[in-house]
Structure formats: C-alpha cells, structure tokens
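First chain A sits with chain B, and in the next complex the same chain sits with chain C.
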Partner chain A sequence: MSATNFLDFSSLLRNAHLTEWIQNHKKVIGFYCSSIPEEIIHAAGMLPYRIRATNNLNYNLADSLLSQFNCSYVKSTLNLIMEDKYNFLNGIVIANTCDHVRRMYDIYKHKLNKNSQNPIALFFLSLPHLFDENGWLWVREELKLFQEQLSRNLNIEIDERKIQETNHLYKRNQELIRKIMEFRILPEPKLNGVDFLKISIANSSVRKEYANEKLEQLIMYYQQDEGPKIENVRARLMLLGSSIDNPAFIQILEHHGAIVVSDLLCTSERWGLKDPLWHYDNWNSEDPYYPIIQRIYGDCFCPRIMNGHSLRMNLIKQRIKEAKIDGIILQRLEFCDLHGCENMLIQQEMEEINGTPILSIDREYLLGDTGRLRTRVEAFLERLERS
Partner chain B sequence: MLYAGIDIGSLTGKAVIMKDDDLISSSIIQVKRNPVLTSELVYTDALSKTGFTPDEIDYCVGTGYGRERIPYINKSLSEISCHGRGAFFLNNAIRSIIDVGGQDCKVISIDEYGELVDFRMNEKCAAGTGRYLEIMADLLGLALPELGAISLKSKTPISLSSECSIYAQSEVLNYISRKIKKADIAAGINHAMAQRVHKMTEKINLQPKFTITGGVAKNVGVVKALERLMKVEFQSLSIDSQLIGALGAAIFAKSYW
Partner chain C sequence: MKANVKPVEMLYEASQTTLGLIEGAVPKHEMQILKSFFRCMESNLRIKLEQIAEGKPIIGHHFAFPSEVFSCFDAVPICVEAISYLFSALFTTGSEKYYDLANSWGHPYHSCTSQKGMIGMALEHNFIDFDVIAIPSAPCDNTIASYQFFSEHLNIPTIVADMPYYHNSRGYEYYSNELESMIQELSTILNQEPNYERLRQSIIYSNHAVENLAEINNLRRSIPCPVESVFNPIGSAVQNFFSGQVEKEIFYNEVLEIARERVRTKKAWRETDERVRSFWPYMSVFFDITFCEWLDRKLGMPIVTDIFNYFFFGPIKNIESLDTKGMIDGLAYQSMEYPMVRQSESFASVFFEDAVNLAHQFSADCAIFTAHIGCKQSASMIQLMREILKEEVGIPMLTIEMDIGDKRMTSLETIKKKVLEFTQTLL
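On to the complex of A and B.
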C-alpha cells in the first residue's frame, strides 16, 4: 500500500483499519468535537472515531428529528446514523461545545437508543467556555468523571500508565501533522488543501499507532526531492470558519489555481497548532491529564471560548505571515452560531484593519449549487490578482 | 484586431464582437438545452453580422455561469469582473454596478481603473433575481417586459410581506383573486424585488456613480424603486444592459491579447 493510499480513508466511513478493528471485536467510540479527550478512549483500548457526514446525499431521515434551522452538517451525520451507516459505534461522546451537536445526545437518548435493539453507550462532557483557572480545574474534573464512566459502562480498566503512554503517542501524532503542515506553506507547496484535509480526516478515523506509521510514510514521500510540488500557485488562501469534512468543498476553492495553504479548521489544522493558545501555569505537569487538558482546552481555537477572541486573532495573523496568505475564505454553515459571530469579527478586523482580502461564504453542508460558489471564488481570485 | 466576449447566463446567451475599440456586432439569444450549444449559436449569430469567421477572431474571453463549457474561448473570467469592466468601458465615472441576472444578483465595486475592489452575490435563492420576476409576470398573465411599464401606472401599490418567491406567489394569487389591479400588484412585485437587491447593496461600501446591468435593468419599475431606496440615480449605458458582461469579456480579451 503506498503512502498516499491513507488519504483514501477520508472518502469512506469504514476504512480498512476500522474494518479489521471491528472484526477483532474491539470497540469504537464516536465523537464530534476536537475538545473530546480521545486520549482516554484510546488508553481504554478503543478506537476514537470522529463522526463525519462523508457521502451523505440528503436529510430525508434526519429531517424528522432535527428542524430546518439546525446545522446541515450535524443533520447529515444524523441522516447517516439513521441509515445505519454508523452501526459500528459502541458508544458516543457529546459535549456542550456546539448547540447543534449537543442535540445529538438527546436524540440518541430519547429516540435512537430507545428504538434500537443494540443501544450504544452515551457520554456527555460539560466543558467551559472561558479560559481561566476554574476552567482548567473544571476540565480536570470532567476528564476524571469521563474516565470513570467509560470504565464502568464498558467494563474496561484504564490506569494512569496507559494514559501517559497514549499521551506520548498523541504528542507524536501532532508533531507529524505539524511537519506535514510545514510542507503546505512552502513557496511551492508539496500538497494542496484537499489532500491535507483528507490526511486530517483519515487521521481522526484510525488508532494513532496506525496513523503515526502512515504519517511517517507520507512525510518521507513529501520529503523526496522528486516528490510532488505545486508550481505557479495563483493565490495562497487561508480557510476559516465552520467544520469541513468534505474535500470537494476545498476542491472548488482550488479549482482555479489557488491553493489553501492553511485552514485552522477544527477538522484539520487545529490538531497541529504549534504554540499553546492559553496556558495555566500553576499546574503539575506530571499529571497524566495535563497534556490532554492543554490540547482540548488550552489549545482550543474554537470561538466557543468567549475570552479567547484576541488570542485567536493573533494566531490568525501569525499564520497569515508564516503561510504568506494572499486572501482568506471565511465560510459558515447556515445556522452555525459559533462562527456566525466570530466570522463577522474576523471580517472586520482582518479586512478593515489588517488589510487581508476576505471572501465570506454562507453554505449548506450538501454541495448543491457549486456554480455560484465557483463564480464567487473566481471573482475573488481576480480581485486578489489585481490588488 | 478582433476580439470577442461571450456571456452564457442562466436564461440568455450573449456575444459581443469588437474591432479594436469599437463594438461592431452583438447578439442575445435564449439559452438552449446546454451551454455549449448556446455558446455556438450566439457566437455564430454575432459573427454573421460582421462577415468575419471564428478563425479571424484574435482572442475570445468567456464569462457567465456557463463559461467553462464554452469550447472555443481562450480564457474564462467571472461575470463579476466582466460586468465591472464593461460598465467602466462605457462610462469611466462608474464605480458601482448592480447586476441582476436570471438566477443571481451581484453588487460590484470597482476603482478608477475599472479593477474589481469588492463584490457581494446573493445566496442560493430566487428572490432578488430575474427568475422571481418571471414567475410573477407569469402569474399576472403578463409578458416579462410588460411588468415594468405597467407598474408605473400604479396609484396604490400592494405590499408583499414575504421575501420568499414561493410564499410571495401565494400572496400574489390572493391579490389576483381579490381583483386588485395588475398595475398595483406589479408595482408591489417590483418594489419587493428592489428591496431585496437594496439589502445587498448595504453590505458593501459603494461609491458613486452607479449603474444597473443585466436583464432586470430593463424593468423600469424595479430600476425606479431601487433608485428611490438607494437614493441614487443610475447612469444609463449606451448599449443593451444584458450585453455588459459580454462587452467586459471582450475588453478583457483585448487586454489579454
């Protein structure tokens, strides 16, 4: 299997690794958000699997349980769940990080599990919306509770040694992703935005031992002198906003010769952020939960952290410089509350003060009207070329 | 030198042929079953009026939603840039263009060189586009071109409460069943359309002078209502408002040659 075959895992819900994992009667726990402590699930000997809407075609089933004012991404995942495409899950972890995703807990509890012969384990994490000392302690407490619930519900032992081992594995995984991010921002990038998203999606669909092996192979592939490189880039774009798990969306952005060299999406680059966004100094770094809290809370780039806006802005500005960004595509899924406010602020600050041109797009998850999107992107590129 | 600009929109195909800086021929046709056929027919029609053949055209630029399907062009550009460039060519004092086409609406800001500064485009919705007017004209039993002129006769225009084309249809049907005058209903429809476009113009910093292009610019009712809402006067252009995108494409063709 070549290194780039790993990218194909993004186009399927059941990849080869997952299939083998299930065949060996091992458990899979689904989650939506980057702030879920995957490390604990992994340390418990299970496969943490980021739920996505890959290959969903409509909302026919999900429309019965979610309203027309709910996020179409979440609705798409529900549609797949109701089509039984996620029947490999043994449990699911939901957090209060997005109100639309949060509904999935109620739907599972009151509808899906009640009507199923094989109800799955449900876990809920309450996470803070502010960076401060109390928030740090709160997350610590939630992790402890989550670990206990996971052990109890699924009858699995999770000791501290296993968590520490997992932390090393996850740290290595982030380093490898970071290395691939460096290939993106070269003057002649080694990979485009579509391929980076595919790697990120694949990375969140397998155990990290397996992922690390594949990422190392990919790095070797990109490092080769005769390896791929993208020349004559028309414009270097940054992509910000709501979750994206569909490479076809980025393909439209890159169709006319532009390359998405940075994205800061929760499904993609946020995993490999270099510097901590916020840090609590008075904490014992020997605590096995420490790296997890830092990753899911201190490094949380999500607009749900209400006092983190200026930190996020600084990171965007830093990334604009590092990646030599020509323009920003600011997209929002309809009814995405978190990115609704944040995008407005980013547009004001980045375009009016920082002088970075922005194309703002409201979209639905399903890509129905690509012609209009192509026109806007092409006009934006023409604007960038003349500015 | 000979240049051509081809604009394949959702409802019409347009072609402009230029010799140096002069527009020597143009054509507007209803779209056919696919953009390739439309582009071939409209190009042939425009060329037939000149005596030139496609081989004699030095450079051709395509635009419009069907631009990537035009087989004979040298380059494609978005209709946003092309409408800006076309309007600027006809009147270099223009800085803001409102283009209302068959299935979309764009608000375009250009600089003193005719270069694109910023733009907004409507989301996926028929309201605020030519399609909306088509549906309403059909309900009223009017030909599309009649909708503008008849609305000017209105003394007491109706008010449509819904922006949605589908819900607005129900409202219009209700007015028709109550025997409200066609002129009053048409005025209400045009005003609702103008309101929708006006909202888009407020999302972007627009500078005078203004013009309106695209098929909807031919509806005097919408144009007058939009002028009132925006408190501006649109500059009239010397050629058919539907040709501005194709003209812009031809101007670009000259610059790329």
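On to the complex of A and C.
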C-alpha cells in the first residue's frame, strides 16, 4: 500500500483498519469534538473514532428529530446514525461543546437507544467555558470520573501506566501531524488543504499506533526531493470557522489555483498546535492526566471558551506570519452561533486592524450551489491579486 | 461626565406613557396585572436613573443570573436581555433597527435577538455605559459567543461565573465558588467592599417573591385560570429586570391579591369562557403583548404557565441567620435551577420531566412551543418534547418557529393563524 492510500480513509466511514478491528471483536467509541479525552479510550484498549458526516446525502431521517435551526453538520451525522451507518459504535462520549452537539446525548438517551436492540454506552463530560485554575481542576475530576465510568460500563481495566504510554503515543502523533503541517507552509507546499484535511480525518478514525506508522510513511514521501510540490500558487489562504470534514468544500476553495496552507479547524490543524494556547502554572509532570487536560482544555481553540478570544487571535496572527497568508476564508455553518459570533470579531479585527483581506462564507453541510461559491472565491482571489 | 443610559431613559419614558395611557383609558378592574407591572417598572427605572445620575456604577448582567449578588455593592444592575426585549415589546418598531445594525456588522442572523439588540445599540453609540458586566456561562451558545462582543470589542470588564453542566452537589459547589470569586472581582473593579447585609435584604425580597409566585401558581391551577396570559411575558421581564429588588416582591404580591380575589369571588375577569388551557413549555411571545389579550379574549385560551414563570426551588431557608457562604450557596443553587437555565443548560431529561409535570399540574389541554431561532439547544428537543407530551400527558403540541423578539421573522398574524388552526383541531 502506498503512503498516500491512508488519505483514502477519509472517504469512507469504515476504513480497512476499522474493519479489521471490529472483526477482532474489539470495541469502538465515537466522539464529536476535539475536547474528548481519546487517550483514556485508547488506554482502555478501544478505538476512539471521531464521528463525521462523510457521504451523507440528505437529512430525511434526521429531520424527524432536529429542527430547521440545527447545524447541518450535526444533522448529517444524525442522519447517518439513523441510517445505521454507525452501527459499529459500542459507545459514544459527548461534552457540552456546542448546543447542537450536546443535545446528541439526549437524542441517544431518549430516542436512539430506546428504539435500538443494541443500545450503546453513553458518556458525558462537563467542560468549563473559562481558562482558569478551577476549570483545570474540574477537568481533572471529570477525566477521573470518565475513566471510572468507562471501566465500569465496559468492564475494562485502565491503569495509569497505560495512560502514560498512550500519552507518549499521542504526543508522537501530534509531532508527526506538526511535521506534515510544515510541508504545507513551504514556499512551494508539498500538499494542499484537501490532502491535509484527508490526513487529519484518517488520523481520527484509526488507532494511533497505526496512524503513526502511516504518518511516518507520509513524511518520508513528502521529504523526498522528487516528491510532490505545488508550484505557481496563486494565493495562500487560511481557513477558519465551523467544523469541516468534507474535503470537497476545500477543493472548491483551491479550485482556482489558491492553496489553503493553514486552517486552525477543530477537525484539522488544531491537533498539531505548536505551543500551548493556555497553560496551567502548577503543572504536575507526574500526573498522567495533565497532558490530556492540556490538549482537550488548555489548547481548546474553540470560541466556547469565553476568556480565550485574545489568545485565539494571537495564534491566528502568529499562523498568518508563519504560513505567509494572503487572505482568510471565514466560513460558518448556518446556525453555528459560536463560530458565527467569533467570525464577526475576527473579521472586524483582522480587516480593520491587521489589514488581512477576508472572504466570509455561510454554508450548509451539503454542498448545494457550488457555482456561486466558486464565483465568490474567484472574485476574492482577484481582489488579493490587486492588493 | 454623565453616563450614557439612553436606552434606560427611553424605556422609562415609554413606561410612563404606557402607564398613563392604560390607567387613564382602561377601566379600573381591567388589565390590572399590566398596570401593576408598569407601576413597578416606572418606579424601578426612575430609581435606577436617579442612582445613575448620582454617579453610581452600572453593572450589566445576564438574565440567567442571581442579580441579588449585585446588592452587595452600591451599584445599579441592568439586565442586558431585558433591555432588548422590553424595546421590542414597548416600541412600534421594537429593537429592529438595532438587530439590523448588529446583523450588518456580522452578527449572524440566527443568533439570539436578546443580546443582538444591545449589540446594535452599542454600534449606534446608543448604549449603556456599563462599568462592568457579570454573567454566567449558561444557558446557551448565544450567551457564550455574543458576550465576547462586549468584552473584546467594547473592552468592558466582563466577569464570567462558569456554570457546570451537572446540576448536582458537585456542580452547585463549583458554581458557588464561582459566585464568590465574582463578588471579589466586582469588589476590585468597583472599588467597594461587599456589604453582605444588603445581600441578605435582597434575598429576603426574593424569598417573598418566590413564595408569592408559588402561591400564584397554585391559584393558576384553578379552572378558570384566574390570571391573565399577559402575566407570562411580563413575568419573564419581572424575573430578569427586577431580580433581587423590591419591585419583584411588590409585583407578585399585587398579582397574588388579584388572583386570590378572583378565585374567592369566582368572578369572571373576561367575557370569554375558558375553552382550552394552553401550556407553553418554552417561552411566550415577547414582541407583542397584545397577543395574550387575543388568546384570552378571542380564543378563551389562557397560557396557564410557561418556562419563565415557575420556580422549581423554594426560598433560601433561615435567611436571617445564614452566614455569607450559606447565602451564596443558596443563590448558586437557585440560579442553576433558575427558569430556562434548569431546562436549557443541562440534560434534557429535566426539561421533559418539568414539562410533563407542569402540563399535568395545570390541567393543560394542549402545548404550544415557541421555537425561537436563537435557542438551538431547545430546537433539538422539540420533536422529542412533542412525543413525550403526547405519550405521557396525552396532549398535542403545536410548534411555531419564530423570533420571540422580532416580529419580522414570523408575524403576529401568522402566529395567530397557526394558533387558530390548532385550536380548531382541539375543539
């Protein structure tokens, strides 16, 4: 199998690794957001799988439970769940990350599990909306409780040594992703935004031992002198906003010769952040939970953290410099209030203070009118060329 | 320099005018609840404006917040969401101009109008000069996201009390600590020592209000319902605007007297018979309070209760002797069980259980759910709510998609038409 075959894992819900895993009667736990302690699931010998809406075609089933005011990404995942496409899950972990995602817990509890012959295990984490010491200590307790619940419900032993080992594996995984991010920002990038998203998605759908092997192969592939490179880049774009798991959307943005060289999306580059976004001063290096808390909480780039806006802005500005960004695409899924309001602030600050040109896009998960979007992107690129 | 409080001044003038109009033109025994509200409103705003003119600092706060805590300070609390919605209820074009300004500045059209109104006012420099803003991290993404406009764009010092998702002893304790830290931060920003005896007095007012509302709700279970439907949108404003202040106690006291008298004398207060008792598991319509008159008088369909007008908690006990920690613990508990916070910020089981209990207790014949475009956390639960009310109470539910603070999304005519068609299926 060539290194780039790993990218194809993003186009299917059931990839080859997952299929083999299930055949070996091993368990899979689904989750929605980056703020879920995958490491504990992994340490328990299970496969943490990030739920996505890949290949969903309509909202016919989900519409019977959700309203027209719900995020179409979450709606698409529900549609797939109701079509039984996620019947490989043994459990699901949800947190209070956004109003749409958190209600999936209730939908499972009050509807999907009730109607199912094989109800799945449900777990919930309450995560703070502020960066501070109280929040850090609360998350630590949450992790401990989650670990206990996971052990109890699925009858699995999880010891701290296993968590330490998993932390190393996850740290390595983040380093590898970071390395690939470096290939994105070269003057002649080795890969485009579409491929980086595919890698990120594949990375969140397999066990990390397997992922690390594949990422190392990919790094070797990109490192070769005769390896791929993208020349004559028309514009270097940064992509921000709501969750994206569909490479076809980025393909439209890159269609005209532009390249998305950085994105800071929760489904993508946030996994490979170089520096902590917010850091707890009394760090205890012996505590196996600390690196997990740092990743899911201290590095939470999401606008759900109410005192994190200036930290997020600093990171965006830093990435603009590192990746030599020409323009920003701010996109919002309809009814996503968190990113909608954050985009408003980013737009005002970046355009007025920083002078970075911005294209603002509202979209639905299912790509409908791509012609209009292409035209807007083309016009934006022309604007960048003139400036 | 005099603080800018134009929106409060405008509301004060509107309250004076409306009070004058209804007291002058409406017979004494009619619209008593509305009159009581405007009397309290007029007095509350007048006092607030006087205090601001004396130079007292202004604390902006969120509706889902125990504003009793602000009484620790010599300051004037003003509820952000109540301002937007009182504008939409009292002025012909409501807060529309401000919504449009906020939208054109980039605030998403689907984000809640309760904060959007104030964002628009700020953009027009027709704002309130808050010295500080104090809010919880609940109950919705709109609260979390929209308030960052005030803290980041306007640079108003903003203190957030982080509310955990679990409404249990661990959650209450965490939140109590958050409130305690907030008081300390407020003390630093306002440069005042907290006065906990004033806090006690404020809780005493609130305790009476809690007791009176419980009694009002007992009476509202009578058939026919002795309280006008307008009590519901007005009650929401009372909760949020008068919280921790004497006007809340006064208002509920007056309503209680009215309700007692009506139940005692069994005297009808409207010409139309009560035909259908409607229970609103979520909010009522805020942008036009005449809608409630229409429900009562034209349809004989009182709103027996809604999410904002039922407290699932009692008064804070032993208030006279409680120490500071005890008072703050009590407020932390109450505010996590506050109307809408309780149902919207945590697991939906509570929302469903409350709705089933209230529908039973108030002998509801049907339910009407206002699917407010802002509230995504409730939008996801509407279909399940419909099924649960059908299965467990046996009543049908109508859903109306709207913006409770902006008549342009779904007009009053359309809402009335939907309600009318629905009642026809019931009778």
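The criterion applied here is as follows: the second predicted complex is superposed on the first by the 387 of 387 C-alpha atoms of A that agree within 3 Å, B and C clash if a C-alpha of one lies under 4 Å from a C-alpha of the other, contacts with A are read in each partner's own complex, and residues count from 1 in each chain.
As a convention for this text, contacts are C-beta pairs under 8 Å (C-beta built on N, C-alpha and C of every residue); 3 or more make two chains touch, one makes a residue touch a chain.
Model, not experiment: these values are computed from the prediction.
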| item | value |
| --- | --- |
| Combined model on chain A where chain B meets chain C, clash or fit | fit |
| Which superposed partner A:376 touches (first chain B, second chain C, both, neither) | first |
| Chain B versus chain C as contact partner of A:134, first or second or both or neither | second |
| Chain A residues touched by each partner, larger count belonging to chain B or chain C | C |
| First, second, both or neither for A:71, with chain B first and chain C second | second |
| First, second, both or neither for A:165, with chain B first and chain C second | neither |
| Which of chain B and chain C A:103 touches, first, second, both or neither | second |
| Partner chain(s) touched by A:368 [first = chain B, second = chain C, both, neither] | first |
| Touched partner set for A:287, first chain B, second chain C, both or neither | neither |
| Where chain B and chain C come nearest after superposition, their Cα distance in Å | 5 |
| Set intersection of chain A contacts, chain C complex versus chain B complex | 362 |
| Sites on chain A touched by chain B in the complex | 362, 364, 368-369, 371-372, 374-376, 378-379, 382-383, 386-387 |
| Residues of chain C touching chain A in the complex | 105-108, 110-112, 137, 140-142, 144-149, 151-153, 160, 162-166, 170-171, 174, 177-178, 181, 347-349, 352, 371, 373-377, 379-384, 388, 401 |
| Sites on chain A touched by chain C in the complex | 64-71, 96, 98-100, 102-103, 105-107, 109-111, 124, 126-130, 132, 134-135, 138, 141, 303-304, 306-307, 309-310, 332, 334-338, 340-345, 347-348, 360, 362 |
| Chain A partner contacts - residues on chain B that touch it in the complex | 65, 68, 76-81, 104, 115-119, 121, 123-124 |
